[in-house]
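Working notes, structure below.
We just call them A, B, C, D, E and F in the order they show up, numbering each chain from 1.
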Amino acid sequence: MENDFKKNLPHYIEQLTNSYHANSISEKISLNLPDKEVIIEIISELEILLFPQHSGNKKMDETTEKYIVGNLMQIVYQKLKKQLKLAFLYEYDRKNQKLMHSADERAESVCMEFFEQLPEIYRYLSMDVQAAFDGDPAAESKDQIVFSYPCITAISIHRMAHVFYRLGVPIIPRIMSEYAHSKTGIDIHPGATIGKYFFIDHGTGVVIGETTMIGDHVKIYQGVTLGALSTRNASKLRNTKRHPTIEDNVTIYSGASVLGGETVIGRNSTIGGSAFITESVPPNSMVSVRRNELNIE
Amino acid sequence: MENDFKKNLPHYIEQLTNSYHANSISEKISLNLPDKEVIIEIISELEILLFPQHSGNKKMDETTEKYIVGNLMQIVYQKLKKQLKLAFLYEYDRKNQKLMHSADERAESVCMEFFEQLPEIYRYLSMDVQAAFDGDPAAESKDQIVFSYPCITAISIHRMAHVFYRLGVPIIPRIMSEYAHSKTGIDIHPGATIGKYFFIDHGTGVVIGETTMIGDHVKIYQGVTLGALSTRNASKLRNTKRHPTIEDNVTIYSGASVLGGETVIGRNSTIGGSAFITESVPPNSMVSVRRNELNIE
Amino acid sequence: MENDFKKNLPHYIEQLTNSYHANSISEKISLNLPDKEVIIEIISELEILLFPQHSGNKKMDETTEKYIVGNLMQIVYQKLKKQLKLAFLYEYDRKNQKLMHSADERAESVCMEFFEQLPEIYRYLSMDVQAAFDGDPAAESKDQIVFSYPCITAISIHRMAHVFYRLGVPIIPRIMSEYAHSKTGIDIHPGATIGKYFFIDHGTGVVIGETTMIGDHVKIYQGVTLGALSTRNASKLRNTKRHPTIEDNVTIYSGASVLGGETVIGRNSTIGGSAFITESVPPNSMVSVRRNELNIE
Amino acid sequence: MENDFKKNLPHYIEQLTNSYHANSISEKISLNLPDKEVIIEIISELEILLFPQHSGNKKMDETTEKYIVGNLMQIVYQKLKKQLKLAFLYEYDRKNQKLMHSADERAESVCMEFFEQLPEIYRYLSMDVQAAFDGDPAAESKDQIVFSYPCITAISIHRMAHVFYRLGVPIIPRIMSEYAHSKTGIDIHPGATIGKYFFIDHGTGVVIGETTMIGDHVKIYQGVTLGALSTRNASKLRNTKRHPTIEDNVTIYSGASVLGGETVIGRNSTIGGSAFITESVPPNSMVSVRRNELNIE
Amino acid sequence: MENDFKKNLPHYIEQLTNSYHANSISEKISLNLPDKEVIIEIISELEILLFPQHSGNKKMDETTEKYIVGNLMQIVYQKLKKQLKLAFLYEYDRKNQKLMHSADERAESVCMEFFEQLPEIYRYLSMDVQAAFDGDPAAESKDQIVFSYPCITAISIHRMAHVFYRLGVPIIPRIMSEYAHSKTGIDIHPGATIGKYFFIDHGTGVVIGETTMIGDHVKIYQGVTLGALSTRNASKLRNTKRHPTIEDNVTIYSGASVLGGETVIGRNSTIGGSAFITESVPPNSMVSVRRNELNIE
Amino acid sequence: MENDFKKNLPHYIEQLTNSYHANSISEKISLNLPDKEVIIEIISELEILLFPQHSGNKKMDETTEKYIVGNLMQIVYQKLKKQLKLAFLYEYDRKNQKLMHSADERAESVCMEFFEQLPEIYRYLSMDVQAAFDGDPAAESKDQIVFSYPCITAISIHRMAHVFYRLGVPIIPRIMSEYAHSKTGIDIHPGATIGKYFFIDHGTGVVIGETTMIGDHVKIYQGVTLGALSTRNASKLRNTKRHPTIEDNVTIYSGASVLGGETVIGRNSTIGGSAFITESVPPNSMVSVRRNELNIE
């Protein structure tokens, strides 16, 4: 019997490679694609840079931190610069741009900007951890939050991916955000702007779209969508503001949807669970759903 | 103190192994169980066969693709055939069937059928990628979609698992679909039939039941359930059509539920977010939820 | 160009380590933090102890099980005791407790209690598997359920984490439950009390809060929240009953929310999909949502 | 340029596979070859069974040793039996024997004989360690000898390989002895018979041939050859005694050669460094080389 | 106490890096050094290409060999070309050569020449295996020889390293030969020329110098040195013939030394064990050592 | 058949563990044994500290070296201190010493002394590399020597092991030297004292005993023994000078033996190949062997 498969192997190979060519996915055959596995390694190393005490480097102290951090930074830099360069070359190639000679320079300059911002990202994350601690009665300690709250994973990666997004890096920011989505169920597009002291509780099913603007001290729950109203004619919508604005001190309970690029939730408002909002809400509002009557038999 | 645990170790062992025997889970003690870790390896290798350019084999070109694909195919074949054989033996054993001598033949013939269909699966996936590109304003390029859209992971694995399901393979299709569910939050039963040019946006929380029929050019959002009406008396319901039919060109927005085996969403219809549908909808319908009034204080 | 990054490296290092110190996350600098990666190893080993036939130890039989189980138990014990001790030391340190000398004893006694209860956990799990088999028409066999149902992963880990929670172990139970959440999308706080013959179908988006009480023979679906009414003033709410009680034989369909510490769903009740419940429901109730009218154009 | 290699790749492949067929090494194409890497894994596991305290299982004590040893034994058994079966099938195949149905039985019976003898091998090794301790002024302790004396590695593996050799196992004993040779520079053919309390100091370059007989309390140094006189007409010499006999209490210093199947070194003799001996030496002899005069200018 | 080391860490770092600069080993600081670990990976992959049946690819047959070989070849090519290029750049850099632009071309052309010769290398190795089988009464089968004779490892790697040596590749050939030396105790300089049907028995301690010429059907034993007479004024001796010539059909027994660039061992000669030869020996000679008298007391 | 082994498994386990107890190797049952695998990791990391440019850290430059070296040093320190402590505890335990509380202090102080000396070790090694370059006509460059000369491996490890030996560390120095022996065939006891600019060519079979004293600018070849005259009554010989003294500028050719604690090879002497020397030789001597006559037939 085994001979049957073996006999057909050349046929199977030819059919599959023919199918590659007949149904090409890549718009242009390019060798300059970043390597997803390396990007995931980089994410893990950046998470260690952000939370070294919670990553097994328990012996790090004021004498050794300089060397541990410095060594890890230069390792990340080597890998990151190479992936950034591939991403820029991919884009130049796809767009038939002539600037290919500057991919190396752009990669270097993105690296520098990124590491310049890393301490500020850390500062924001320390506030996010505080927000989780203040906002969840089940939290024992801030260390526990770093160890086990999915929002910390999601926000850490988002805050880093957002830097790359703003600097115009292709492909990589989205690989980063999807990695976080896969681990946490929280889907934050790297384009979203998020203020400080941000907390997502539980988080599974949260969707935050590309052009969302979120202020400071915002708290949202599982299943919340900050989305677009419609995506018909997707290509025409590229680069327009399609997602809402959430001002400071807003809380949005589980399962609520806030949709549309012109929808603004005014500061200090609370949006009740399962609310479906497609128009702006003034500051200091308390929006609750007038519930369906329940049949109780 | 350590002695205390050690002293009790024989007791703990005996208690646990006794509990195994007293509360047996397997209906019949059988050595013929597939190996979940190997099946996950196989999935990863099949994903490389489907998207080699996006899996680190960047140097693959028209000269080398034959060898890379051929080598990987024969590796997958060796592993897959063995796991298929174990799955068939498991089933024969569980059902006290006498046919055990043919497990090898069935495994071989499933392998052959599967590799015969792989090029067509690739063709469908190339259309699914196009659907994502056309349907999401945030998509930069088709390569980005392959790298980072969870729906591509979920649909790729589903389209392969469905082949095994249709060929009557026990256990393995469900391990495959649950692997995709764990990574993406999208839960598609391997029995579901899905047409071409299919797109799921975001995807977390999507559930698509075993007997669902989905046409071409369908687009669904996160949190959509295509489910059964009730599962009381589960055993009687086995092998009946319990899940809906979605015709061509239907869009279903986030959080909507379409339930029941006789429920049909007619072609060219749009189902609004959070709609709860248990009866058929005619073609060209636009179903929207008359929203609860919102209390805004 | 490369010189630019390198020239700035000392600056980047100083900025980041300064940011660590200026925005300290840990309440007290402590070397006594458990190691998350080791805890995840322990979880994997405990899953093998619970389902050895489904974990690649296919050759285990009545002669060898004693040695396989015994060897794995003593490996788990070595690792677990060390992590427990670190967790207790962390807590002593954080609370300036003087009892540090007894961390070793507490770790030993928690190990003993845990292994004492493991056979009973197995017994409960065998009933949970039965519940899944009886409750899902798509289930082929109980072996398939162990291999591929996310609820089995979530409940197995919960039942173990709950033992540690009840014994007052810091940090570790939550790392365990979040590991299960990340893999399954099911978020069960380790404090929740869950009776026997429990089944969660699909599961993505389920949230079960810390002080939830669930009886026997309960079945819930994807997207169900058993949560708190509000978490304002989180710190005052610590250690109060904030989550509902679900009595025996209750079924709760997808997307329903049951909120509040005094809310009780009486025995033999059924809660319809998307119901939003903040007050108690008497036994034997059938609660269904009076659906929004649908606009069908 | 890269195209040049790629263009030629099909040519290189064809040339090499043609060369395989034109210059076949295996006498008969057989799928039944043992797997060298697995055999090396087995050796490592057997070394742990022999010296568990020196292999990182430091916590093994009288309670746990039963489980650690039992678990490792059944792992070794699974792997070893499979490799033994492949070796027997290889031999049946090569010799066109009809008995292929009994390879499984022979493998099982060799396993049983081997594990039956393992305690006695341990007993001999404990005497070999003592011999090293008594014989080397540089030895600090017996634990140090187990950790770092190459003779212990070589003799341990020899004593095990010799059991397989005597039971007629093809291929595997020689893979084992060559593994020891590669690590230690000591080349003992698995056919050699070696008595108790045996010590090789330093060891590099020692060669002990297939039909050598060594008594008890023998000590040899680096570079000693116990070899054949000539290997012309190798095939005629197969299965004849070609290597010497060394009686009890003999010491042979570095670089000495003792050659020939009828050469006997009588008991209590000492052979000086660089001696070249092709004839028997009576008991109680002290053989020293009358040294070349040295020119000292 | 721990503080003591930590306090001094900056001092230790400064001292060591100062020592790097004060005692520089590399003649010129170059980033273009090959990577030893990658070269060792390449060697392992080349060994699989030469002996695929003995490397775990047991299922390779006439249908699959093309894909297995082709895939491995293109993997080796990617790695090898990169290492070759680094080696050439290193040399250009060290010698201040201006040709740096051609390192890529040289690497490509060496790859092509190497793969062109690989089938012939295989043909020679098949004869070497035959020589071992014919020359060692202890050999069971040619498969056993491939699995476990150190000479096959040493000669395989030598025959490949020699191709690179002849093509002027820096550094890499010697890393290859030293890798073989470390595994087998056989030290063959990659410059040595070795004819067909070559056998080294046991092998530990064999040294074959850079300018040695060895004919066909030569057999040597452990501890044989084919070396230079003196290495005073080493730098003047570079590129002169310093090592002997061994004509066809010569056997050299263990421990013999043949030294000097003008020393020729004529065809069909036999050199006895421990012979020390610094002058030529005519064809058909039988050289034996007139042994020292032995004192036997 | 399989049942046979399984049936006997408890018997095999009992026999082997009984044999452990009846033939105990360790003089005292102690849990405080160092871990050989960790020590080998430490050796590899120390080799990177000594030759970072040749270990894959190619991008190390004057900016990054501080962080790479600093990070690696603190990693080595953590592991090394723990192993040193285990070694001291082992010794205290074995000798029933009461000082167990100071093992930690001794480990710390040995670490500090070791890292204090590392720069000087590097300085010596840079001279050893120069000696190899000056002494071997086949050497292409000093980088090649670091990459591929076994003497560099052997001497690097020796110079480090010797520091630990002098500081009275049990067990660990010998594990280090035997690791080097296994890789290179060069067996240097960690007690031997070796001057600067030292070169061993080829090296296989070299033995250098514990109390050997070697001056500066010494060169030796493969198969040289610097050994003891006799080891009868080994225990009485402990801590006496049993091995020779080699003064400055001595060359010893292959296969020579220099034996005895009072034997001195005077400065500027040359010892011919295979010489057997048991008495002192004055300075400036040229010792050659008056060769055996050769029978040439």
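Methods note: a residue touches a chain if its C-beta (ideal position, glycine included) is under 8 Å from a C-beta of that chain, and two chains touch if they have at least 3 such contacts.
Note that the coordinates shown come from a computational prediction; the quantities given were computed from them, not determined experimentally.
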item: Intersection of the contact lists for chain B and chain F; value: A, C, D, E
item: Mutual neighbours - chains that touch chain E and chain F alike; value: A, D
item: Topological distance between chain C and chain E, in contact steps; value: 2
item: Of all other chains, the one whose Cα centre sits farthest from chain E; value: C
item: Which of D-F and A-F has more C-beta pairs touching across its chains; value: D-F
item: Separation of chain C from chain D, taking each centre as the mean of its C-alpha atoms, in whole Å; value: 53
item: Distance between the centres, which are taken as Cα means, of chain D and chain A, whole angstrom; value: 58
item: Distance from the mean Cα position of chain E to that of chain D, given in whole angstrom; value: 25
item: Residues of chain B whose C-beta touches two or more other chains; value: 9-10, 13, 59, 64, 66-67, 69-70, 73-74, 185, 204-205, 223, 255, 274, 289, 291-292
item: Pairs of chains, among all present, that meet the touch criterion; value: A-B, A-C, A-E, A-F, B-C, B-D, B-E, C-D, C-F, D-E, D-F, E-F
item: List of chain B residues in touch with chain D within their complex; value: 6-7, 9-10, 13, 61, 63-64, 67
item: Chain E-facing residues of chain D, complex; value: 1-2, 4-5, 8-10, 12-13, 15-20, 22-27, 30-31, 33-37, 90, 94, 170-171, 174-175, 177-178, 181-182, 185, 187, 189, 191, 204-205, 207, 209-210, 223, 225, 227-228, 231, 234-238, 240, 242, 255, 257, 272, 274-277, 281, 285-292
item: List of chain B residues in touch with chain E within their complex; value: 59, 64, 66-74, 78
item: Chain F contact footprint on chain D (complex, rising order); value: 49, 51-56, 58-59, 65-66, 69-70, 73-74, 77, 81, 104-105, 108-109, 111-112, 115-116, 118-120, 122-123, 125-127, 129, 134-144, 146-150, 183-185, 201-202, 204-205, 222-223, 254-255, 273-274, 289, 291-297
